[in-house]
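Same chain, two partners: subunit A is paired with subunit B first, then with subunit C.
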Partner chain A sequence: MLEATNLMVFYENMLALNNVSISCRKNQIVGIFGANSAGKSTLMYTLSGIMEDIRKKEQMAGGERITVLGKINYLDQDITGIKPSQRARIGIVLCPERRRIFTESNVLENLRIGAYLATRAQAKETLEYIFRVFPALEKLKTRLGGFLSGGEQQMLAIGRALMAQPKILLLDEPLMGLSPLIQTILVRAIKEIRDETGISIIVTEQYARPVLPIVDYAFILENGAAVMEGTRDELLDNPDVRAAYFGV
Partner chain B sequence: MEILIYGTINSVALVLMSLGFALVYGISRVPNFAHGALFVITAFITWSLLNTLGLNYFLSIVLAIIAIGVLGALIYQFVLIRVRGMAISEIIASYAIGLAILEGLRWGGFKGHSYRLPVFIEGSIIVGDVPVDYHRILTVVIGAALVAFIWLFTHYTRLGLALRGIAQDERASMMLGIDSDRMALVAMAGGAMLAGLAGILLLPLGNIVVESGYNVLTMAIAVCIIGGLGSWMGAVLAAFIIGFAQILSVVYLGAHYQMVVALLAIIFTLILRPSGLFGRQKELEERV
Partner chain C sequence: MEQRRKERIDRGVKVRSDSIYALMSWRELSYLTVPRLLLIIGMLILPLVVTSMYWQRVISIVCIYALLALSFDFLAHYTGLVSLGGAFFIGVGGYLTAIFNTTFGLPPLVSIPLATVFGAIICTVLLLPCLPLRGVYFAIVTLMYPLVFARIIEAMDILGGTDGIMGIDSFSNRWIEQYLVIIVVLLLLFGLRRLVNLDLGLIFRAVKDNDQAVRASGMSITNYKALAVLIASGMGCLGGACIVHIYMWTGLSLFALDFSILPIAATVIGGAGTLVGPVLGCLILVPISELLREFGTLRIVFYSIILVGFIVFRSEGIMVYGQRKYHQFERWIKV
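Right, the complex of A and B next:
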């Protein structure tokens, strides 16, 4: 469904992504694991097109020179270099690191802004679906985004991304800084979303263990390079990977 | 009573003058220093349509506002889009456009005190014991309706919500499929139309002179700084604070203190509360 080949991203001369090739098939949950600065967010920005915006703004302001090489294919269409809003339109939606909730809008409004690409009927249906997956949000409908807890914000961020009617959802560190209890709820919800809606999901995490049970396939990034990939069981069989990323 | 009535009228006038500026800045982060020029040129366009082409007054107004909306969009599409994100360049570019428009008008012969737009409704009414003309009352009503309209538009329509998304977090909005440049274009066109509408509403109360372009820009900036840049409701509140302060100073100090009040208010705001009354809550953003 989504296939990135030989992605290279440079910030000036610093290599942030080194020849990374990843792919996600329809209805799959793909995990991308790696430490801080391994290139997870850079990869997500590149796939979602935000990197194009960052590059454009840096170039206009005469800042860092960012170079993106490689090719991204989505549903047999070359999408390398097209705008992030255009990518969202064809179904690639990023739920960013640190959530980036609209803090001055309430929960319902956050979701309604997210529904920019949805038809009225789709928005209504998705809204009901979100409240079914995250019942906690329904009670907080009128609370401002800025006054939600981290876990609630993450639920809202995922819900908001769903409102954009994605075909493939990119989740950048959705569990960061959350309690184990909330992590369990979110992981279960992510699987539920995939199972019920058929949306493909790419999820990044530093620490693989909480999401490992739900991923079908995973890549491990190290210093910007994909050093290993495989199904969950293949990775679990590798003692180095187990020690470094899974803590088992 | 006099203070209350004229304070309200003056405040609504300030709201009208600054809404367009606040809208454009709030959404695209472009300080539109051509705002005052758009305010004045709309009045001149209306005057020309009305007197040179002899069109009906209402039709002239509608055409002038459409024209100014297109002009605002063109300014964004061909000039501001290239300097977007560089604050100083944005100011220089938009101020240069404003200067070109205003001085171009002056050069083109639109100067002196012979240019007047008719008021919408002649006559006046006694409110309490103060005479107020109908046009001023109409201005207040339209101003209030406009604020209500903008509130409804930004809370209940797809486009309005998208604009607010961009205003709060540009990149998060892009991820949801909202095109930042298109929204900035819409904001600039809308802001220009608001400036134009303000011009058409306020200028019939006096002569259309090029200089009022500079005054309007100053007042709009004053209101937006005091209300907190990027906050529309802050701008409305600040307009009322300055509006009443101005009328009070006219009554107790003298007419020429009007501008001083606005400028002093900017200085005090910047010293005491640099982000304005309703500035974006930076602390909150960092905490989350």
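Right, the complex of A and C next:
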């Protein structure tokens, strides 16, 4: 469904992604694991097209020059250079790192903003669906985004991304800074979303253990390069990987 | 398929002069000194090259605007306070020096420093209540003060009312007048560049980036903001005091909006946050504005087109672009 081949991203002369090829099939949850500075966020930005935006802003400000090489194919269509808004339109939606919710809008408004691309009926249906997956949000409808707890904010961010009617959802570190209990709730919700809506999901995480049970296929990034890939069991068989990312 | 990408690398001499100062020859020393000397010597010989009285006066005005632009750049890009108070600073400094000169009979070389110090204190005290404000709110408040002062002077008919104060002493010699402002600009430019790299400058920048973190480190951000405003308004008042003695007249036009807006345009053109950039911006914008005077009202049109062009095609600013070209080179490499 989504296939990136030989992605290379340079921030000025620093190589952030080195020849990374990843792919995600329909209705699959793909995990991308790596330490800080391994290139996870860069990869997500590149896939979702935000990188094009960052590149343009840096260029205007005379800052770092960002070079993106490689090819991204989505549904047999080359989407390498196209704008993030266009990519969202065709179904690639990013749920960014650190949530980036609109702190001065309330929960319902946050979700409505996400529904810009949806029809009225779709929005209504998705809204109900989100409240079913995340019952906690329903009680907080009128609370301002900035006053939510970390876990609630993350639920809201995922909900907002869902409102854009994604075909493939990119979750950038959805479990960052959350308690183990909330982590399990979120992980279960992610699996539920995949099972019920058929959306493909790419999820990045530093510590793979909480999300491991739900991923079908995983890539491991190290210093910008995809050093290993495989199904859950294949990765679990590798002792180095187990020690470094799974903590077992 | 062979892919290439343009690489941007620091020049070797830049790397050496940046940290370890391993400069071996006059040629390498000149790498650092020539751009600075170019500016200093260029500014100093400018009044000698330009012979007509009219253009010499323009140079003085450039310097006044350069002071304002420096103070704007310092406040906006090193302390995070976007100030539209150029007219306010100029007005306060101008009226103060006029009072010192006419009422107390002090010569210009005494009244200017006095007006600078007292003007800075007055401006800072008046701006103190709005220091907790950030962004556009601070800008609005600083924009309101000159309007308020102009109307108070007009309505209450104090300080000469609409006629302004006349009969202010000029400088004893026109070369003193020329070189005073030029040297003041150069001193303040290099002084500020030094200041923003001191510990104090670090705190200013930290206030801009994240004031909560500065508070958490046990520093009062209001104190530091007040200090920054004191420095910046002092520069503005100095400019105002000089302009009054140059024109031998002070009036409500000192509170004109030009003094607030043009420095910002100059900062955008010259390169925000470089401190040299705004001075260069003034050196470009003010003479252009004078040259276009022949076109009458169309002047504003040309002026706007130049500004828009700069913002669209070189929004980073001349100085940022120039520094990059000077310090770095580019080459194509295979990926």
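Just so we're on the same page, the second predicted complex is superposed on the first by the 248 of 248 C-alpha atoms of A that agree within 3 Å, B and C clash if a C-alpha of one lies under 4 Å from a C-alpha of the other, contacts with A are read in each partner's own complex, and residues count from 1 in each chain.
The definition used in the following text is that a contact is a pair of C-beta atoms (placed from the backbone, for glycine too) under 8 Å apart; a residue touches a chain by one contact, two chains touch by 3 or more.
Fair warning: this is a prediction, and the values are worked out from it, not measured in the lab.
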Aligned on subunit A, subunit B and subunit C: do they clash or fit?
clash
Which of subunit B and subunit C A:88 touches, first, second, both or neither:
first
Which of subunit B and subunit C A:57 touches, first, second, both or neither:
first
Look at A:29 in the shared chain and tell me whether it touches subunit B only, subunit C only, both, or neither; answer first, second, both or neither.
neither
Counting only touches as set out at the top, which of subunit B and subunit C does A:67 meet: first, second, both, neither?
second
Check whether A:10 is in contact with subunit B, with subunit C, with both or with neither, and answer first, second, both or neither.
second
Return first, second, both or neither, reflecting whether A:114 touches subunit B, subunit C, both chains, or no partner chain.
first
Applying the touch criterion given at the start, work out whether A:140 contacts subunit B, subunit C, both or neither, answering first, second, both or neither.
neither
Subunit A contact check, subunit B vs subunit C, more residues touched by chain B
Among 147-155, 183-191 or 327-335, subunit B is struck only by the subunit C stretch 147-155
Counting contacts the way the document defines them, which residues of subunit A are shared by the two interfaces, the one with subunit B and the one with subunit C?
60-61
Considering the complex alone, what residue numbers of subunit A touch subunit B?
48-50, 53, 57, 60-61, 83-86, 88-89, 93-96, 98-105, 109, 112-117, 146, 150, 153, 160-161, 163-164
Residue positions on subunit A within touch of subunit C in the complex are 8, 10, 12-13, 60-62, 65, 67, 69
Hey, which residues of subunit C end up touching subunit A in the complex?
3, 5-9, 315-317, 320-321, 324, 335
Contact footprint of subunit A on subunit B as seen in their complex:
82-86, 155, 158, 161-162, 164-165, 168-169, 171-180, 280-281, 284-285, 288
